[in-house]
Amino acid sequence: MHFKEKYCEVRARSAGLAAALSDADATVQSMPDASPAKWHLAHTTWFFETFVLRDHVPGYRLYDANYGFLFNSYYEAEGERHPRARRGMLTRPDLATVLAYRAHVDEAIKAALPDLSPDVLHLIELGLHHEQQHQELLLTDILHLFAQNPLQPVYASQAPSPAVAAPPTGWIEHAGGIVPIGHCGASFAFDCETPRHDVLLQPFSLSSRLVTNSDWLAFMDDGGYRRPALWLSDGWAWVQAERIKAPLYWRLEDGRWTTFTLAGRRPVDPDAPVTHVSYYEADAYAAWARARLPREAEWEAAARDHPELPQLYNACWQWTASAYLPYPGFRPASGAVGEYNGKFMSGQFVLRGGSCATPAGHCRASYRNFFYPHQRWQFTGVRLARDAA
Amino acid sequence: MHFKEKYCEVRARSAGLAAALSDADATVQSMPDASPAKWHLAHTTWFFETFVLRDHVPGYRLYDANYGFLFNSYYEAEGERHPRARRGMLTRPDLATVLAYRAHVDEAIKAALPDLSPDVLHLIELGLHHEQQHQELLLTDILHLFAQNPLQPVYASQAPSPAVAAPPTGWIEHAGGIVPIGHCGASFAFDCETPRHDVLLQPFSLSSRLVTNSDWLAFMDDGGYRRPALWLSDGWAWVQAERIKAPLYWRLEDGRWTTFTLAGRRPVDPDAPVTHVSYYEADAYAAWARARLPREAEWEAAARDHPELPQLYNACWQWTASAYLPYPGFRPASGAVGEYNGKFMSGQFVLRGGSCATPAGHCRASYRNFFYPHQRWQFTGVRLARDAA
Amino acid sequence: MHFKEKYCEVRARSAGLAAALSDADATVQSMPDASPAKWHLAHTTWFFETFVLRDHVPGYRLYDANYGFLFNSYYEAEGERHPRARRGMLTRPDLATVLAYRAHVDEAIKAALPDLSPDVLHLIELGLHHEQQHQELLLTDILHLFAQNPLQPVYASQAPSPAVAAPPTGWIEHAGGIVPIGHCGASFAFDCETPRHDVLLQPFSLSSRLVTNSDWLAFMDDGGYRRPALWLSDGWAWVQAERIKAPLYWRLEDGRWTTFTLAGRRPVDPDAPVTHVSYYEADAYAAWARARLPREAEWEAAARDHPELPQLYNACWQWTASAYLPYPGFRPASGAVGEYNGKFMSGQFVLRGGSCATPAGHCRASYRNFFYPHQRWQFTGVRLARDAA
Amino acid sequence: MHFKEKYCEVRARSAGLAAALSDADATVQSMPDASPAKWHLAHTTWFFETFVLRDHVPGYRLYDANYGFLFNSYYEAEGERHPRARRGMLTRPDLATVLAYRAHVDEAIKAALPDLSPDVLHLIELGLHHEQQHQELLLTDILHLFAQNPLQPVYASQAPSPAVAAPPTGWIEHAGGIVPIGHCGASFAFDCETPRHDVLLQPFSLSSRLVTNSDWLAFMDDGGYRRPALWLSDGWAWVQAERIKAPLYWRLEDGRWTTFTLAGRRPVDPDAPVTHVSYYEADAYAAWARARLPREAEWEAAARDHPELPQLYNACWQWTASAYLPYPGFRPASGAVGEYNGKFMSGQFVLRGGSCATPAGHCRASYRNFFYPHQRWQFTGVRLARDAA
């Protein structure tokens, strides 16, 4: 596909995701971790306007000089910004204005494309992958918002869902040894996936399928949420403080577990992979199952060597036992976009794979997603690992 | 005016206040003390639907059985309800649906009116005064919401404003003695204004005008916010914890103070009464001015005996030195509406008068408004009192 | 008694209260509302050293120049001070040093007494009443501290206790009318008890005895803590947030209620007055009992006119329905001691009477104690009132 | 040294550390992260009493059946326990009683030694290393407690101090490659140091000396605490929320920086290694110095291969860039002591080395200390690393 078509396709998809939303749906922020849909639409546009049009297209005039303050996410180099936890206060600009902002920037980008240098085109490519990340966040944030509403609104009756039927269980063995980890080649990758480097692995096995809701119910029935011996210390404190008894969105109704989805409240599908579990829960489950979570290098090596492994990229993000830290020799990109990944490298765990909410083609074996161990509003699940016998 | 016309007029005014709002404007909650405009519109309607139509009109069917949970404010007798601090999560029903709900209930009320007993008509009258209270809250809540937005949206260029020119200063003397306090007669009053009872007052004087912004600037220039000796202990703790340096919405821009109004950000008018000050600030100002705040019985006696006193009902609410407590012999109304006032009688101070945001005709000399001493997002100001020489 | 003897007696009593305490007992602070026993002993001494010796005795040299910072409670006029919530960090000076500080100041005061002016003697008198207040606080703070210890230490096997046998119930009627309220005469009173002024009261009745533990158990058995209709709104929020199910220190053990006392854990005595209840609980109980709490003027008038009324001063403090506010014409004392009472006049309720922990002779009919409505670590109880039939 | 002598020596050292403390000093808890000295003394004793005497010595009777509840730290398998944040409430048992408890348990252990199996002797060895860890905590917790006191008490005029003169700077190069990491051999190590396993390292250099206070002042002078570009995102949020401007205990007095030490407040020694810095600060400093923090495997390999490297074990703990996670094949010990390390493996970073407060002989190249990235009340400092050119 031509670059311009790619640009148009990605940008159009964002607007498409918002088509089912009212101005109010797109405005409200349901918790500090989440952002309003309108904010996602505007922030991704600000990214192109700032790092491409403002910095590299002579004569470009900002659509609105206030938008830098409103829609900068966390780029300290770009100065002060609206507080993250107050993004939901912005009833203006309204959704229509944000869509007009998008159209304006898209026109400017398309007009500028023929004259841009490869470096700037690379920034646009970064912007498109950035936008794809926000497309997933937009969906998970809307899911969280709608879950707060006792009316349980439906986003889309045919909404993204991780409900892939569970394949038969099995263990994929990997011999370990020195394996190359990280991205290589000319195709796009985020800076945190580089530099490619060798890692020495012990032999290990990876489960051929994700942990299912049925598996999870067995964990719950066996007192999983009530046995401190299964839990990390921080995890047990979290379970007690938040009174956690099941994955996020689960509710017991008339003796049956239901969950809230983008298609509304639904019975928990026993064969679907469990989702919306925290790292703490994933780790406790693994302890209960007498297994462990995979290290990120194990996951990557297995994904490269066994590309036929089911549920790698299309079901849910898979918690790894690896903290999100820089690879040996890591260098952030120069300029403001150097803040993209590197500064988040403390306190978070890596997830690998991709989810039902991830845009097609966005993921790859070297992709590193990351969240705090208590977070679970993403489509996060579990693939088990174990040491070779 | 006929009762039906009164009903229609009050109800129409609420919808009119929302005419300038988008669905998003009407949905967002800017702080737990405030409610979304849409919620005000729906809650006041739920009041009529529940206490009149459901309870007293045979055959009436609820518009939506979920609305009781969503739009009950604090009536424990009506059961569980959506948490107050999460009212802003309700992007559905949207504003149009809420307006349709209003129309539906209005039609049912109007149809039922001819057959209702006097007791039920009294509930409707209560509902109309209740709705007028929410009309004022709707305006102050929108003001607070818009103040969170760096774009500083304008609600209405001709918006309610307390900016009445300051009359010449003077002191109205009152001889004290035994004075009747509280509502009497057949006209409407809230239960907390009764029973009428005698109170013994010492002689006192009341300022003939409200404290102005110009007065307040003198207080600030004299270190008013930096001198603990002027403040109540709780007030000084609040000043320090919240870093209070001026009334709410004030901002120093290029050496001049501005304030945020329903008409957008404006220069502070020196002649207008100061508004958006807390009880703590009002009390500190009075100490600085070597005066005191009036007791509520003093205010009421003076308002009755000097109805020509300026700025009684149309500028801003006036903090009194009286805690909001039951009058001797107070009995809450029976039924769920008995929760209307009585259960709030701890920790709050009485304000008297009325503000630029209060609907015309809503107030009277016996009217008791009440807020916590730190709250200041209402149009709250100061009238001074002093003991007779 | 001579003034010097009175001084020595009061001062000796404080030291006596600490005799059963270890250095550690006297140092730890169990919550921000409470203070360490050592701090009480030092603060009361600092009061004499500062306002008498430093200000009025030429040539006096401070015992330790740091003590002003450490042991000033809340006198803003005396400058910066150690934060209240960190009083328990002061393991030094130790208890023996604080007792030596006391002895030093006592010697200086006694030596100075013959030369002091009446004004300064009045400050000493204030200091003695101040010290008596801290004697009660010392006991209630030790009770709270010991209650945190699973070993349940005993302060004294013959400790102060409100366990006076309940007299027969009855109602004392009062005709109301214009009654003088507040202190008058030459004897000591705090500034907040003045000026004496007339208040107009409706006829009322006061219960001849306090609410007992047996009464309270009936309230609990009748769902008192589970019925929101009985509670003030703030009170119900407090019950839910703090999961309140019984008075402070109560615990159900093998089906029987026990309470923690200065003599250790004991069975709840059904005939003793209930203590350690908050204003919210007192008010809810009164609602349940179809009565109300007395207003402070009613309590004072009844106490003056019926001095034989049982349990006035020796059992527990009695919550009134009156907010702690200045009397008409109230003027705080001049100088730093003007901060003694006036600045606390917001958000608190008045209690009348006196408790088993109050020093003999400290109380009087006009005495106004005050606490926030949620506080209950003092010996606080309930006397009911009702309007005349 | 014979095992019994080793036992006696370690146990005696703990009591010796408490010799300078009053009962109150030993009782107060200055923050939830710290524990009272008395608690350290009792908890380490409870460890021997529970896991050795109770479990393996027939006929042993508990010294006090309540102590399990009071002095269990975090062993869920041992049941409910006193809340960590409330350890400072335990004014009883007093210090003398805790010392008597220690003597009692010591006698029982010594009497039992001849009959104990190797497995149980291993538990005693674990208990001694455990006790040495608490010896260091006792010192850092006392330092923190005394730092809260405006009197700035001196623990010991010849107290442990990291003030080793800075050696000349240089970089120790390491060729990387496959290196064995983790403990091996018969000598003692904690479970988290095992199993020994191979790690593949890139070539790297390690600074020959720690970052000094002089270095740190240069960082501060260059705006280190004011430049968000140097900081991790969580670190910058921490700097702003806590208003961090210097290492813990530093204070600017008359233009010179001082710090609080166990010997009282002292001028900052420019040549001494900086201590009491968080991971966030260490990481920001490294970014400013155009270097990085070492990974724990790099540190361990360099320490093994260059045992002459200065300031390895005797100055301060050195933050590494490695999250505290299980080694491949890690298995916690069986029984309650399996909770010793494994359950803390989330959210923390590894520190290597040892500090001036660490008992002699306690450390080794494979030792893994760990703290949360914001914590800095330990003697924590910085050794820089960089990739090979």
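As written, the chain order gives the labels A, B, C and D, with residue 1 at the start of each chain.
Please note the rule applied: a contact is a pair of C-beta atoms (placed from the backbone, for glycine too) under 8 Å apart; a residue touches a chain by one contact, two chains touch by 3 or more.
Note that the structure is a prediction, hence the values are computed from the model and not measured.
Student: Using the contact definition given at the top, which chains are in touch with both chain A and chain D?
Tutor: A chain counts here if it touches both chain A and chain D, and no chain qualifies.
Student: Of all chains present, which has the mean Cα position farthest from that of chain B?
Tutor: Greatest centre separation from chain B goes to chain D.
Student: Can you compute the centre-to-centre distance for chain B and chain C, using the mean CA position of each chain? Integer Å is fine.
Tutor: One centre to the other, that is 36 Å.
Student: So the centre of each chain is just the mean of its C-alpha atoms; given that, what is the distance between chain B and chain D in Å?
Tutor: Between these chains, centre-to-centre, one finds 57 Å.
Student: Could you tell me the distance, in whole angstrom, between the mean C-alpha positions of chain A and chain B?
Tutor: The answer is 45 Å.
Student: How do the chains pair up in terms of touching? List each pair.
Tutor: Chain-chain contacts present: A-B, A-D, B-C, C-D.
Student: Report the residues of chain A in contact with chain D in the complex, numbered from low to high.
Tutor: 74, 76-77, 178, 197-200, 202, 228-229, 231-236, 279-280, 283, 295, 321-323, 325-326, 328-329, 339, 343-347, 349, 373, 387
Student: Help me check something: in the complex, which residues belonging to chain C touch chain D?
Tutor: 22-28, 30, 66, 69-70, 82, 86, 88-95, 145, 148-151, 153
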